[in-house]
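Input: a single structure, listed below in structure tokens.
Letters A, B, C and D name the chains as they come in the text, with residue numbers starting at 1 for each one.
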Amino acid sequence: MKPKVAFFDFACCEGCQLQVANFGEELLDILEVVDVVNFREVMSENGEDYDIAIIEGSITNQHAVERIKKIREKAKIVIAYGACACTGGINAMKNNFEMPEIMHYVYKDDAKYFDTIPTKAVDQVVKVDYYVHGCPVYPKEFVDVLKCVLQGVEYKVPEKSVCTECKLNENECMFDKGLTCMGPITKAGCNSWCINNGNICFGCRGFVENPAKNAAIEVLKDHGLNPELIIKKINMYNTVLDEKLKKKGEE
Amino acid sequence: MNKKTIKHSSYTLKPAHIIETKYLTDDIKYFKLRFTDGTDLDYTPGQFVMVSMCGVGEVPISISSTPTRKGFFELVIRKAGKVTSDIHSLKTGDKIGIRGPMGRKIPLSTIEGKDLIFVAGGLGIVPLRSFIDFVLDNRRDFGKVEILLGCKTPEEILFKDEIKDWEETLNVEFNCTVDKADPKWKGNVGLITSLIPSIFVYPERTYAIVCGPPIMYKFVIKALLEKGIKEDHIILSLERHMKCGVGKCGHCQIGNYYCCQDGPVFFYHEIKNNWEAL
Amino acid sequence: MQRYYVLNKNKLINFLSFIQSRSKLAAPVKKGEKSYAFEYITDLEKIALHYLPTILPVKKYFLPQRETLIEFNKKTRKTTHVIEFEELTLFGVHTCDLVGMQCLNAVMVEDPKDINYLERKNKLTVIAFECNSYCDEHATCGIMRTFIPSSGYDILFTEFDTYFLIHIGTTKGSEIVNESRLFDVAQKEHFDELNKLRKRKEEIFKPEINASYDELKKLMERACCTGAWEGIFDKCLSCGTCTNVCPTCYCFDINDDIDLNLLNGCRMRTWDSCQNEGFAKVAGGENFREERKNRQVHRYMRKFKYPVDKYNMYFCTGCGRCSRACVAKISLKETMNLLSERIKL
Amino acid sequence: MPKTVYVNVEYLTRVEGHGNIVVNVTDGNIEKCNLEIVEAPRLFEGMLRGRSIFEAQHITSRICGICSCGHTLASLQAAEDAIGFKQSAQTEKLRKLLLYQEILDSHILHIYLLAAPDLLGVKSFVPLINSHNDVVRRALRMKKECNNMCEIIAGRHVHPISTTVGGFTKLPKESELDRMRQIMERMQEDMEATVELLTTLTFPSFERDTEYVAIVNDENEYPFLEGDVGSTDGVRFDKHEYKNYINEFVVPHSTAKHTKLSRDSYMVGALARYNLNHEKLNSEAKKAALKLKLEPGTKNPYLNTVAQAVESVYCIEESIKIIDELKETGVKHDEKITVGLNENKNIPVKAGRGIGAVEVPRGILFHDYEIDAEGRIINANCMIPTNQNLNNIERDMRKLVPEILEKTEEEITLFLEMLVRAYDPCISCSTHFLNVKFVK
């Protein structure tokens, strides 16, 4: 029996789901091994009977909290899919503002109509079994995770930094070009995608397991980045992880 | 890149059949294996094998049986992660790939005729069982045999039947302590080190063989030394992360040593000054 | 066997074309302001003859970043052991990198031998290029005494004004030189020049560290578990770069890959680094090198202490890559100097 | 025949983002006929404050995965407009190429995976894998090839990597130009088959007179990236004035704001562009339009899908032209830039305000940034095509419902769903910047 897979999206750009549609004909190979029963972005079938729930997006309101809990109850396996689901992603940048202030900035007097809560990663609300990091997800890693799911074994996100992959690809280091890069403290697994294409790593896969955050701030400072921008740069994808680290530190 | 195939390398797997399995606890499973070509694994107590689940990975596992019993070898595996949980899904009749035996063959002649104390913490009993059974199969070649076992809870005590056997028929002193007792438990409660002071030893003719979680060693060694047991009479089996098993990949390095090749069994005096050992 | 030849500089192109007619060619090319890399060469113009040590050392050809060890089929249970290799000539290998390869050789021939490595190595031809002066301030080839090439090459090029002096290291090298018919036998004046150059080099390359060659190991032994390392690695991010770029680091990981049908797959080895968080973690949760600092100390021990005990070699070639590539600007030279100040030998 | 119909499509599928269709007809009277937008707010506008303009495109591309290249280009245009940076001719070409590929990609996705299942009477492409295997394979292949193109140009399609303020951080190699040309040549064949397929499908006939809005200019090229904003009602204004012309207003049932220009509503997107600029299409695209019987002045919103096909033909042909030009002049690799967050101050920055206006697959997209002297954003605003269409969609729905009232509720639902889908709405985009209100 092929496992039944359902895609669900929360606050996100749906780009990670699109990565699936972007597989091309390889998608048909994937459909050979799983049954997709719910994939709202490209399908109207509305299967409510599924084994594996692939969750895209972050939890940003109470309605979403209830919805994700229901999904968790039904699914045997929950996969957090993409940065928004795994770490809050770009959405969590808003947690660095006072909620009423940013709400008022965007919605003015209508802000009061909104049900909104600070952005949460999926695992802050329900248990997550697998993570596919990245903004967007790296297709090969998604397939790797899928294989682990099919084999019924856990998937381990490499406990390495993007630098290790960047070096293996023998890119010229961004720091040598006078730029600052999030590679040293970002989880590997994307094959240093951005640096291979000439840009810096923005840290979309989130901090490595035990990031040397203070050292990283020092290093970025040494390379001439304005302190205010350093904090912004680091929290672009790491706000939720940072909150988690702080909590762990307090315990 | 060109590719060629060859018959043999350090990574070649040798197929083995599973001839028996049973759960010892919820997450610890016992496996009895035999090579499909009928050969015996040529090993010494303290050695280990690499167990392969193709497609998932390979893990180091201690051999729990004694080489004195032919035609099979035994493994006891705790579900710890990716590979080990996949191994748990195996049933009698399944085939797996084995590499090994790995590790140093310690000369058993050194302990022949001596009194032995086995100190095991939790799963540490698994590799020690290989020594214990070896000794018991040659019971007359050894002196006094004492087994000290420490576990978190009474349920975690492995090989309960065998222990009874050891105690009743083979003249072995067995002492056990748990961190947390349950109402049925009548034995000791406390750390394993608490068992050591009360045992009686002839220091010069006693060897201690120790295996357990990393934090245990320091305290056990201290207690043993206080008993007067000599540094070169203390034998330790150490665990490290291992990938290749052939002294290359670097994961298992303990200072100067590669645990997979130079160990995992060491004499205390060899590693007491090694900054990374204990 | 004739050992010394001369190649006129304007014949270099012909020689390289000749090499290309025999095998694939890899040589350093410029990648950025200060970055070079060994790459497969089609366009000979791209070769950078004078270059700063490449981002990755030539170890990537001996021990590739990723390599298949075995292939298997889960259904038939058949496993095959595979070796990936290619006929390749490396041109322009720096003096220090020759030593790096010798370090790797020492590890891989040690029993149990690494057949994948050894077989692959047999297919590689190494044409070295002697450094006549420092590449930059990060290099410590003076103290490591790796600025004079001793062995590890099939052919060695030493550059002079108008010609290269060639030394043949192996029969394979001799065959290439003979077959190419581009070389002249070296004369006395050439040897005189070589001697002069080597003397000059002794003047240029001076110990960069305030300790003698022999003292380096002792320095490590004394420093090992002390406070001597205090503060040195505060900025270390554990990104793993220093080990990946090091010509003598060879730690690796082994992982399986399988196709979507869960039928055919392979077991791969990939470079790993002792600086990575999970490198020394075991199942119980214990991490034997949890602190970043200890991982760095371990790295230094693996350069200047352990291999000396085991192989009687320092596993540092002085290439300077680790310092050059470190984003936190932690420098091997400065670290060693600081240690030598702090430790009384 | 007085009739009572109640349609409630919760979470409309095969569109991007979350929207509900709610229609309530009691005894023949329309009491409610709304497209409710229920996407959760993400507050991009607020989050952009204090950020460097060199990060802005990276952040705003995350508004929408499907048109992330479009957002990127609009963002870059706004940022460069603000600091007065002029892109090079080569950069312009490559950006155009990237946009063509995104439009192609998005149109293919829409035609095959989102719209076609309705026309073929199935719920999604999955049943088509068996019934129309070659069609599904073609669709997936075309989509993949667009991706491969984007990968060469910008690193990847979803959230492009190498597009930054100032230009590109990598440039295509000669061999990659060849590869792109081959891809586009193969795509020509597949596109031909696509047009062929569309000629066999019947679209609902429905018309409503409305205003069409798109970028217009005086060049001789179908405009996507540069120009003024123009409409079929004869309005034309500079993009910097968009706020003065386009009215945004709040409706009570939507988390997205609605807009209007000269009349009650207007439409943007492929059909709008076609209606305004069809004369500037290249000959292949014109031929396709002829074949598909798409006439200028078309008032049937369902035919937006057909206009997308015509534009797809256009994009393929124009892409080939650009690739050939690049091959001829050779790519100037010294134009490759390294910017990061402009740590090395390679690009001069000054305070100012900049507007980007780009025709993305679903219509015209505005990004509007006000920045300080150090290049940090003080205020940001975006106007998303789907927002601009929402009002028009609802007005279409209100005209359509009475016309199809005799049909079954199921059919009515389908027709309405198809109508909304025809606009190819991107709902996740549309709520991120604008004023919203809940159904009360």
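We adopt the following convention: a residue touches a chain if its C-beta (ideal position, glycine included) is under 8 Å from a C-beta of that chain, and two chains touch if they have at least 3 such contacts.
This structure is a prediction, so every number in the text was calculated from the model and none was measured.
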Which chain is in the middle, if each chain's centre is the mean of its C-alpha atoms? A
If I rank B-C and A-B by number of C-beta contact pairs, which comes first? B-C
Can you work out the whole-Å distance between the CA centroids of chain C and chain D? 52
Chain centre separation in whole Å, for chain D relative to chain B (CA means): 65
For chain A and chain B, what's the span in angstrom between their mean Cα positions? 41
Could you list which residues of chain B touch at least two other chains? 55-56, 81
Numbers and ranges of chain D residues touching at least 2 other chains: none
Shared-interface residues of chain A (touching two or more other chains) are 147, 151, 177, 181, 223
Here the pairs of chains that touch are A-B, A-C, A-D, B-C
Quick one: in the complex, what on chain A touches chain B? 147-148, 151-156
Complex contact set, residues of chain C against chain A: 31-35, 37, 55-56, 60, 65-66, 234-241, 244-245, 257-258, 260-262, 270-273, 276-279, 281, 292, 325, 327-329
Can you name the residues of chain B that touch chain C in the complex? 1-13, 15, 54-58, 78, 80-81, 84, 95, 97, 213-215, 239-241, 243-244, 246-251, 253-256, 275-276
Residues on chain A engaged by chain D in the complex (per definition of touch): 9-19, 21-28, 31, 36, 39-46, 60-61, 63-64, 89-91, 93-94, 97, 102-103, 105-108, 110, 113-114, 116, 135-136, 174, 177-181, 193-194, 196-200, 202, 223-226, 228-229, 232-233, 236
Touch list for chain D against partner chain A, complex: 11, 13-18, 39-43, 45-47, 49-52, 55, 58-59, 61-66, 68, 109, 113-114, 117, 123-126, 129, 136-137, 140-141, 143-145, 147, 154-159, 161-162, 164, 168-170, 250, 336, 338-341, 343-344, 374, 428, 433, 435-438
